[in-house]
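Each of the next two complexes has chain A plus one other chain: chain B in the first, chain C in the second.
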Partner chain A sequence: MVMGIIFKTVNYTYQPSTPFEQKALKNISVEIPTGSYTAVIGHTGSGKSTFLQHLNGLLRPSSGEIVIGKQIITPETKNKELGELRKHVGIVFQFPEAQLFEETVLKDIAFAPKNFGKNEEEATAIARQMARQVGLKEELLLKSPFELSGGQMRRVAIAGILAMEPEILVLDEPTAGLDPKGRLEMMEMFKELKEKQNLTVILVTHQMDDVANYADNVIVLENGRLIANGSPKKIFAQPKWLIEHHLALPKAGEFAVNFEKKTGYKFETLPLTESDLASQIVKMVHGGVQNG
Partner chain B sequence: MVDMIEIKNLSFKYSQQDGQTFNDFNLKIKQGEWLAIIGHNGSGKSTLARLIDGLLAPSEGAIFIDGIKLTPENVWDVRSKIGMVFQNPDNQFVGANVEEDVAFGLENAAVSREQMLVRVKESLQRVNMWEFASHEPARLSGGQKQRVALAGVIALRPKIIILDEATSMLDPEGRKAVLDIIRELNHKEKLTVISITHDIDEASKAQRVVVLDDGKLIQDDKPEKVFSRGSDLVKIGLEPPFSEKLKGELESLGLVVPEDYLTEEGMINWLWELFSRQ
Partner chain C sequence: MGKVLLGRYIPGSSLVHRMDSRSKLILSFFFIVIIFLANNWESYLLLFIVTITSILTARVNFSFFIKGVRPLIWLILFTVLLQIFFSSGGTVFWKWGPFTLSYYGIVNGIYVFCRFVLIIFMSTLLTLTTAPLEIADALEKLMMPLKRIKVPVYEISLMLSIALRFVPTLMDETTKIMNAQRSRGVNFGEGNIMQQIKAVVPLLVPLFVSSFNRAEDLATAMEARGYHGGEGRTKYRVHYWEIRDTLGCTFFVVVFIILLFIRQW
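For the complex of A and B:
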């Protein structure tokens, strides 16, 4: 199924008409293309998590509408109309391991498919398959999820979301608290899942290196407004604009900017990943240095 | 200088079934030292912090804090010398506003109201959060929350601060703000700092880095010595410094690179020289 997401002048207000009224999303119009890997960046309070909760109807807009596949969500949409949508959009919240509850890893992963109408046997089969997908070894499946390490528990929680067989996978800071090796493995796993299962991935992150290395589309929020949308190349093209909005460059870009400042040499295009930076440097060493 | 913490022949395991987490482990930390403990998830870093804070008790061996041997009888007294800041800023709030949150620990320690008012203000000023005194925690950024958590800790005037991945969920600005304050406390007040971290920037602030692997101390050295392990760092739970990663990439493209650890600045200078030699 084609599951593009379109926000049309979406506003969201918390506790409207009370002294605590707070506008969290302001006139957001944006499209998240099917099959894209979209990063959502912005500071605490920028509206990221409010935005995210609109993606499967946990929150409905105060005004405006959201189109996700065939489903249109308006302020009037009833909760019971959203059941179908929630099978298609899987959200992995921060520290998802806190939501594990079943006796065994396998039962925990099988919970969602059972809940969405699969029988015991089908649900178990799906759970086994998803456990493999996230790299959980067979011998862990009958253990209690609470006996596992933090990284393994997180994999169980993610497998539980994947077991819903969503078309859209939303990830809220999925690597927080993991060590660098775990972080890299997890990010590579999402990349592989996306390619194998043709998922649309939406990643909320403040790691600009992850944005440069994995995303092909970026949404920047500030104080509930959309302030930029485009490819990482476009978003990171103006270091000055980034500083004004308290956003950082990926490390490779930062290094390149510092290098240019100090030496006067110029890169052809601002490199955003280590490999791009390295190959540009090698090219420059073998001749073709531009002294600006 | 005096040893602030001495860990002597420490052995520890969580339960009968599990293997030994620590076996005859020794470590000394001097007063006023900033020590970073690094290691992959599950290497024993947080366990060690909990042993030092008396939240866990050793099976064998002893831990001395400020010259006093930690025992079940004196653990509450000794613990008052240690302040801990944890990873998730959202799990550490108890007060309805910033001021009350900082006061909470002081109330528990039966500090008089007059003293309390003074110390709350002082601590919040130290972390540059006094103007937020009456704010609700929910409206603060992650970095601001961690600074409040830190204020709650320094209000109790500890001699040791343990940062257990305290900056790992912060954005670069928030991380810098927290580390700048820690550096000041370390310099001016000779606070002993132990930071458990996967972050190279945070580890590079330390005077000494200890590497743990399955409860064993596998390296104890200056940061730049530890960082020159290059891509091997990932195995011991540290994100390699950017300059080391870049060096690896350049090497794989056939460039001859220096063996020594280079800071980013050093890397720029080396490349500059290479370019101008053409």
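For the complex of A and C:
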């Protein structure tokens, strides 16, 4: 099923018409192509999590309209109409380990597929498979999720969403608080999964390296407004603009900019990933000095 | 959870906001007690004028008070209808089985309605203009005499402050977990009773777990910073009884005296 996502001048206000009113999204119009790996970046409080919660109708726009596949979400859409959509959109929330509740790890992972109509056996089979996928050892499956370490709990929670076999996978800082190795494993796992099953992935992150390494589309939010949308190349092309908006370059790009400043060499295009940086340096060394 | 507005503190700098929380607490109780002395049009009118004056002095939007009444409207209507149909006296307009619609019934109904509205407005005013922790402080100070008869006043007030402090946190947490479980296919508030009870488990278990964790963290943090019970602790928020508090109390005493004169004996 093709599930394109289109936001049409979406506004969202928390606690409208009270003194605590907070406009969290302002006139957002954007399209997220099916099968893309979209990174959503922006400062703390810029509205990223609010944006994500619109993707399966947990929040409905205060005004405007969102189209996801065949489902149109307007301010008037009823909760009941959204069950079908929620089957197809899996959201891994910020610190998802807070959602664990079952007696065993296996049961917790099987919870969502059971809710969405799978029988006990099918759900358990999917749960086992997903546990393997996120790197949980077999002997943990019958333990209580509350006996696990923080990192293991995170994996259980993520597996619980993957078990829904969503077509759109939404990740809100899924690796925050994991160790570097676990982080890399997770990100590689998402990438592999996306390629194998042709998912649409939407990732909120503060790690510009993740944006450069994995995303092919970037949405930049600031104070609830969309201030840029395009490929990582386009977004990272103007280091000055990034600094103005309190964003950073990926490490490789940062290195390249400093390298240009110190040595006077010029890169053809600003490298964003380590491998790109390495190959450009190799080319430079072999191709001789262009500029002294 | 934006609906829970009753009792939410709205910061401000009006005279009422700046009054000592003790005097506000005492005056609110005092007012609620004297409401029951009112028994004719004049006395209710007086109390309404007092309430409106207090609200105007606090400079809080009137819509908050209407919103305070709304969640209780069914309870109020039920009580009012009971009064109207089951109290009798005066001219009888209509009678059917045990129900009578009489002059006194109608008047009583209106009085009961006024009483509810006055009590709700005044207590809403207290909680809208006084931070929860200040109310807890005021209670602690006012309960101090009970210390003599071995009531654990410090402990009670600490428990109260902590509970009040964590209400908003707990509500945020509840929203978050509900959202997470909704995304996993739970439908809250739908289906038959059994389904609804089953839907509560994935919400309550994480809430309990996180509350217990939080309580443990809080206890550790308090011990690490040397908390050793209430005896001899000084306060971060120090309150002084000022002229405005004396004025406020005088105002209400005057109201009370006028009320004594105009009520029906």
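The working rule: the second predicted complex is superposed on the first by the 290 of 292 C-alpha atoms of A that agree within 3 Å, B and C clash if a C-alpha of one lies under 4 Å from a C-alpha of the other, contacts with A are read in each partner's own complex, and residues count from 1 in each chain.
To be clear about the criterion, contacts are C-beta pairs under 8 Å (C-beta built on N, C-alpha and C of every residue); 3 or more make two chains touch, one makes a residue touch a chain.
In this text, all values refer to a predicted model and were calculated from it rather than measured experimentally.
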* Once the shared chain is lined up, is A:Met284 touching chain B (first), chain C (second), both, or neither of them? -> first
* To do: Go through the superposed model and pick first if A:Gln53 touches only chain B, second if only chain C, both, or neither.
  => second
* Asked: What is the contact status of A:Ser231 with respect to chain B (first) and chain C (second): first, second, both, or neither?
  -> neither
* To do: For A:Asp179, select first, second, both or neither according to whether it touches chain B, chain C, the two together, or no partner.
  => first
* Using the touch definition from the top, say if A:Pro96 reaches chain B (first), chain C (second), both or neither. => second
* Structure fact -> Per residue count on chain A, the busier partner among chain B and chain C is B
* A:Ser29 contacts which: chain B (first), chain C (second), both, neither? -> neither
* Asked: Of the two partner chains, chain B (first) and chain C (second), which one does A:Thr9 touch, if any: first, second, both, or neither?
  -> neither
* Partner chain(s) touched by A:Phe259 [first = chain B, second = chain C, both, neither] -> first
* If you stack the two complexes on chain A, which partner ends up touching A:Gly160: first (chain B), second (chain C), both, or neither? -> second
* Asked: Both chain B and chain C contact which residues of chain A?
  -> none
* **Residues of chain A defined as touching chain C within the complex** => 14-15, 18-20, 53, 56, 58, 79-80, 83, 86-87, 89-91, 93, 96, 98-101, 111-112, 115-116, 146, 160-161, 164
* **Touching residues on chain C, where the partner in the complex is chain A** => 2, 5, 10, 61, 173, 176-177, 179-187, 190, 201-202, 205-206, 209-210
* Okay, in this complex, where on chain A does chain B touch? -> 43-45, 95, 149-151, 173, 176-182, 184, 206, 246, 248, 251-252, 255, 258-259, 262-263, 265, 274-275, 277-279, 281-282, 284-285, 287, 289
* Structure fact -> The residues of chain B that touch chain A in their complex are 40-42, 87-88, 139-142, 165, 168-169, 171-173, 198, 233-235, 237-239, 242, 245-246, 249-250, 252-255, 264, 267-268, 271-272, 274-275, 278
